[in-house]
Amino acid sequence: MEALFTVNNLWILVATCLVFIMHLGFATLEAGFVQRKNVVNILFKNSMIISIGLLTYYFIGYNLMYPGDDYAGGVIGAFGVMDWAAGVTPDYAAAAEAGDTYTGYSDFIFQAMFAATCATIVSGAVAERIKLVPFLIFATLFVALSYPITGMWQWGGGWLASLQTPFYDFAGSTLVHAAGGFAALAAIILLGSRRGKYRSDGTVTAIPGHSMPLAAIGVFLLWFGWFGFNGGSVLSADPNGVSLVFVTTSLAAAAGGVAAFFMGYVLFKSYDLSMVLNGILGGLVGITAGADLMSGGEAIVIGLIAGTIIPLSIVFFDKTLRLDDPVGATSVHGVCGIWGTLAVGLFGASAGFDQFITQLIGTLAVGAFSFASSFMIFSGLKAVMGIRVDEEEEIRGLDVGEHDMHAYSLTKEDGVFQLTSE
Amino acid sequence: MEALFTVNNLWILVATCLVFIMHLGFATLEAGFVQRKNVVNILFKNSMIISIGLLTYYFIGYNLMYPGDDYAGGVIGAFGVMDWAAGVTPDYAAAAEAGDTYTGYSDFIFQAMFAATCATIVSGAVAERIKLVPFLIFATLFVALSYPITGMWQWGGGWLASLQTPFYDFAGSTLVHAAGGFAALAAIILLGSRRGKYRSDGTVTAIPGHSMPLAAIGVFLLWFGWFGFNGGSVLSADPNGVSLVFVTTSLAAAAGGVAAFFMGYVLFKSYDLSMVLNGILGGLVGITAGADLMSGGEAIVIGLIAGTIIPLSIVFFDKTLRLDDPVGATSVHGVCGIWGTLAVGLFGASAGFDQFITQLIGTLAVGAFSFASSFMIFSGLKAVMGIRVDEEEEIRGLDVGEHDMHAYSLTKEDGVFQLTSE
Amino acid sequence: MEALFTVNNLWILVATCLVFIMHLGFATLEAGFVQRKNVVNILFKNSMIISIGLLTYYFIGYNLMYPGDDYAGGVIGAFGVMDWAAGVTPDYAAAAEAGDTYTGYSDFIFQAMFAATCATIVSGAVAERIKLVPFLIFATLFVALSYPITGMWQWGGGWLASLQTPFYDFAGSTLVHAAGGFAALAAIILLGSRRGKYRSDGTVTAIPGHSMPLAAIGVFLLWFGWFGFNGGSVLSADPNGVSLVFVTTSLAAAAGGVAAFFMGYVLFKSYDLSMVLNGILGGLVGITAGADLMSGGEAIVIGLIAGTIIPLSIVFFDKTLRLDDPVGATSVHGVCGIWGTLAVGLFGASAGFDQFITQLIGTLAVGAFSFASSFMIFSGLKAVMGIRVDEEEEIRGLDVGEHDMHAYSLTKEDGVFQLTSE
C-alpha cells in the first residue's frame, strides 16, 4: 500500500511539472502571435504571472478554493495561508487504505500550477496595448480571488457540485478555460482595439504575429503539458483512468487540428497555420471537461466540432463584433470551454438532458462571475491609473515604452543587417 | 501487485509524453535547417502529421500493426478500428500476476506516438519544394498502411520475429528510423533537388538553414524524448531494464556528438554545429536497436561509429549521389538506422554471425518495402496532381505560396529594420 | 516491496530527464543573452559540454565522486571507469528492504547529468571572446576532475560530510552552482572583458543579448528541470519528501522573480526582464541547498533575498569590479549559491550557529578549490595556446571565426530583407 500511495503521489508531481511547462507554452504562443515590438512585454507578463500566481495561491487562493467539508454547497471558501503542517501525510499505507492518493503538499502545488493559467489566458487577449502595472494588479486580484471563488463552486465542493444533477467539469473546460476566456472578453471590451485594427470605413486590418516558430513551439508545449493537466486531474495514477484520458485528450487535439485545417481552407482558401494551431488548442480545451467520460469516437467528434468552431469564432469576434483579441483567447478558451462543458451533456457516460442543463447553468454562472469580476477590476484600475498605454507608446511598442529594451538586438557589427533606425 | 501494475503503466504514459515532444523536436530541427521562406510550411506539415498520425492509428494502424496471436509469423495484420472496450484492464493485480504491465489504452497511445515519426522523417528530406496536399496524402497513406505493415513483421509477431534466429530491433532503428529514411530516399529521388542546389558545372551550393537555435532546440528535445522512445520500449518500469537503457542511450548520443565533432573537423576544417547535432542524432538512432543489450563501452563504440558515419554519409549523398536532403534525414535515420540494426549482430548480448545475417535481412526487407511503398505513393501522386511546387513558388517560398503568410513579420514600425522589399 | 523499489527508481529516471533538459535551458538562456554573431558558438559549446560531461563521468568522474565507504572523510576519491556489472540490482524486494531506492545505472546517469552543469555555468560567463578548443579542454578537465573532487567532499562522504557539525547541501547550491560560479569568476578574470565593454573614461557599455525569447525559454526550462534537480535529490519518490521539495522550490523561484522585479525597478526605473529572469534563477539556486528543510514561508524569504541580491550583485560585478559576465553567471550561481548554502544555517530545520559556521567553511572551501583549479587550468591553456580570440574575430563574431557559419541565414530571395553586407 505504501508503494501504491507513492506511485499515485508521484504522478501528481510529474503532472505538476507538465502543467508548469504550459506556462512556457503560453509565453511562447503569445510572444509568437504579437508584433516584434511587444515581445519583451509578453514575456515579462508571463514570467510575473506564474510567480504571482504561486505566491497568492499559497497566501490565500488554496484555502479559498479548497476550504474543506464545512463549506459544502457554499459560494465562498475560507481565507488564510496554506496550512504547512497539514502538507505531510504521516502514514502512507494508512492513507492509501483510506483512499488517499497524494500528500497535502502535492495537492497544493498541482492546484497552484493551474491557478495562474487563467491570468495567462487574459494576458494574450490584452496584448500590445495594456499597461504593465495595472495588468499585474489585475492578475494578482483575479488569481487570488476570482479564480478560487468560482473554482470552489465545483472542485471545492460548493454549490455547483451540490446541485441535484451535479455539475461536471473534469479538468476545467469551464473552471479554468472559460473563466479565463470570459475575463479576457471583459478586458478587451474595456480596453478597446489596437490602433489601426478597425478602420472607420469598416475594413479590418490583419496584424500578423512576429514569429510562427514561437507560436508553434507554444502549441506543442501546451499539448505536452495537457497530458499533466488532464491526466493529473484523475488525481491518482489509476491505470485505466489516466491512460483513457491520455487517449481522449490526444484524439481530440488531433481532430481539432484536422477540422481547423479544413474549415480554415473553406474560409480563407489557404492553409492557415494559425488556425491549425488554434484548432489543436480548441480540441484540447473542448475535451477537458469530459476527458474521463468519452470513448475514442466521442473524443474525435468533440475535437472535430471544436476545430470547426475555432475559425468561425475567431472571424466572428474579429469581423462581426470587432473585438480585438490578438491570440484568439476568447475563442480558444472561452467558446471552446463552453463547448467542452456542454459536450458532457451530449456525449459520453454522463450524457442526458438534466446534465446538459446543469452544464449550461455551470458554465454561464462561472463565465458571468469571471466576466463581472474582471470587468470590475479593470474598471477600477481604468478610473484610478488608466489601463491603456498612450498612442506614442503603442506605436513605438511596449518593449521600449515599458521595459526600455528590444526583444531582438541587431547591430551592424553582426554582419548581416544594416541598422536603419534607432 | 496493484502498485506494480500502476507504476509500470505510469512509465509507459510518461514515456508517451516524452515521445510526443519528439514531434516538437522534429518540427524545430527541420524548421531551423530550412530557409526562412519555408518555415511556416514545415511547421504546418509537422502539426498535421502528428494529428493525422494519431487519427489513422486509431482507425486502422493499431490493428494492422498489433493484430494478435492469430497472425503470428504473417506479413500483414488485421483491419479495423481500435477496440475501445479492450483498452480497460479489469483487475490490476491479476494482470500484474500474469505479467502484464500496462492497459490497452496505454499500449495504443504509446505506439500511436511512434507511428507518426516515420512521416516526420520524410518531411525534412522533402522540404522546400514539395506541394503541401500531396505530402499530406502521402503521410496519411504511409502512416496508415506502410509503417504498420513493416512494424507488424517484428513487433506484431510477424515473419521477422519468427525467423529461426529472430530479428532484433529493440526500439526501432529499423522499424521506425530506417523505414522513414528509406521512404525519404524514394521521395527525394522522385522529387529532385532544390533549384540552384546542383549546378550543371558540377558545383554544389550549400543552402544554409535559417536558424541554428531552432535546430539545436530540436536536437536537445529529440534527445530528451528519446529517453521515452527507448526507455518506454522496455514496456515496463523494470528498474534494471529502464536504467540500463537510459545509460546506453545517453552514452551513445554523447559519443555520436564527439565523433562528429572530430570527423566534421577532418572533412571541413571547421567546427560544424550541424554535424555535431546530426552526430548526436546518429548516435541515438544507432543505439536504438540494441539499447537494452549493450554495455557502456559498447554503447560508446556504437555512438562513435554512428557519429563518424554522419559527416561521411551526408557528404556522400550530397556531393557524390547529388541527392538533395536539406536536413540529412537519409543519413541520420536511414544510414544510422541500418548501422544500429547491424550493430546488434556485432556487439552486446546477441552478437553473432547468425544474428548479423538476420539483422541484415530485416533491415533490408523493411527498407526495401518502405522505399517501394513510398516510391509508389509519390509516383501515383506525381501522375495525378504533381508533387512539386512550380519554379516561381519555390523561389518565393512555400510560406507565401501555400500558406499566404511569413514565418516572421517585421514592419518599419517595429523600429529596428527598414523593409526593403514587399 | 518490488513495486516500491520500482517507483523510487522510476522517479530518479524521470528526474534524470528533467535535469537533462536543463542543458537545453542553459543553451537557450546563454544563446539569448549573447550577441547574434556568437550564437552558434554558444550552441556548439553547450552541445559538446553535455557530450563530454557524460563520457568523462563514465570514464573517471563517477568513481572519483562516489568512491564508497573506504574513502569516508577523505579529500579525493578513486580513479577508474564505472563498474558496469555493479549497475544491476539483483533482487528488487531485498534492495527495498535494505533501504535502497534505485539501481547503480540510475545512480550513474542521474549524477552524470549534474556533472556537466558546472562547465555550462562557465560557458555563459566566458561567452563572446573565448577560443573554442581551450574552452573544451577546460570543460573536460573541470568536469572530469575538479567537480568530482569537490563533490566527493560532501556527497561522496568526504571531509565536509564528516565534520562534527556536518556540512549540508541538499542538491548543490555549493557543490554545483557555487562551484561553477567560482570557476566562472577565475575564467573571466583571466580572460578580460569584451572589447568596448569598459571604456577608459570609466563608462560601461551595455551589450544587450540578441533574443529575449530564447532567454525566457531558457529560464522556464531551467525551472522545469529544477523539479528533477531538487526533487530527484531526495533520492527516492518518498511522497512527503519530494512534494515538499516541489513546493519550496517553486515558492523560492516565484519569490526570486517578484523581488528582482521590485529591486530592478528601484535600480533602473524600468521593468527589466533580464533581472526578473535572473531573479527566478537566483531563487532556484538559493533554495537548492535546503529545499528539504524549509517551510513555505522560509522558502519565500530565501527566494526574496536571492531575488534582491541578483540586481545588486550584477551591478556590483559589472560597474564596480568591472568584471564582464554576459549572462550574470557569477551572480546567479556564485553569489546566490553562497547565499543558499548559508541560508541553511539561518532558516529551517538545521538552523543554528554551528551549522552556519560549517556552511561558511564548506562553501568557501569548495569555492576556493573550484576557483583555483579553474584558474590553473585556464592559466596553463593561456600559456600554451592562448584562450582569447583575436580582435578581428571578436568584432566579426565567433560564429564566422570558429564555425564558418551564421546562426541565422537570410538572403534576398527570402523576400523580406535586403542583404546589405557580406
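Details
Labels for the chains are A, B and C, by order of writing; each one numbers its residues from 1.
We take it that a residue touches a chain if its C-beta (ideal position, glycine included) is under 8 Å from a C-beta of that chain, and two chains touch if they have at least 3 such contacts.
Remember, it's a predicted structure, so these values are computed and weren't measured experimentally.
If you sketch which chains touch which, every chain touches every other chain without exception. Taking shared numbers over all numbers used, the subunit A to subunit B interface scores under half, which places it in the different class. Rotation angle for the C-alpha superposition of subunit B on subunit C: 120 degrees, rounded in steps of 5. Rounded to a whole number, the gap between the C-alpha centres of subunit A and subunit B is 32 angstrom. Shown for subunit C are the residues that touch two or more other chains, namely 3-4, 6-7, 10, 14, 211, 217, 406, 408, 410, 417.
Interface residues of subunit B facing subunit A in the complex, by the touch rule stated above, are 2-7, 9-10, 12-14, 16-17, 20-21, 23-24, 27-28, 31, 39-40, 43-44, 46-48, 50-55, 58, 81-82, 84, 87-89, 92, 102-103, 105-106, 108-109, 112, 132, 211, 214, 217, 402-418.
Those residues of subunit C that touch subunit A in the shared complex are 1, 3-4, 6-8, 10-11, 14, 18, 35-37, 208-213, 216-217, 219-221, 223-224, 227-228, 231, 237-240, 242-244, 246-247, 250-251, 253-255, 257-258, 261, 268, 270-274, 276-277, 280, 295-297, 300, 395-397, 400, 406, 408, 410, 417, 419-422.
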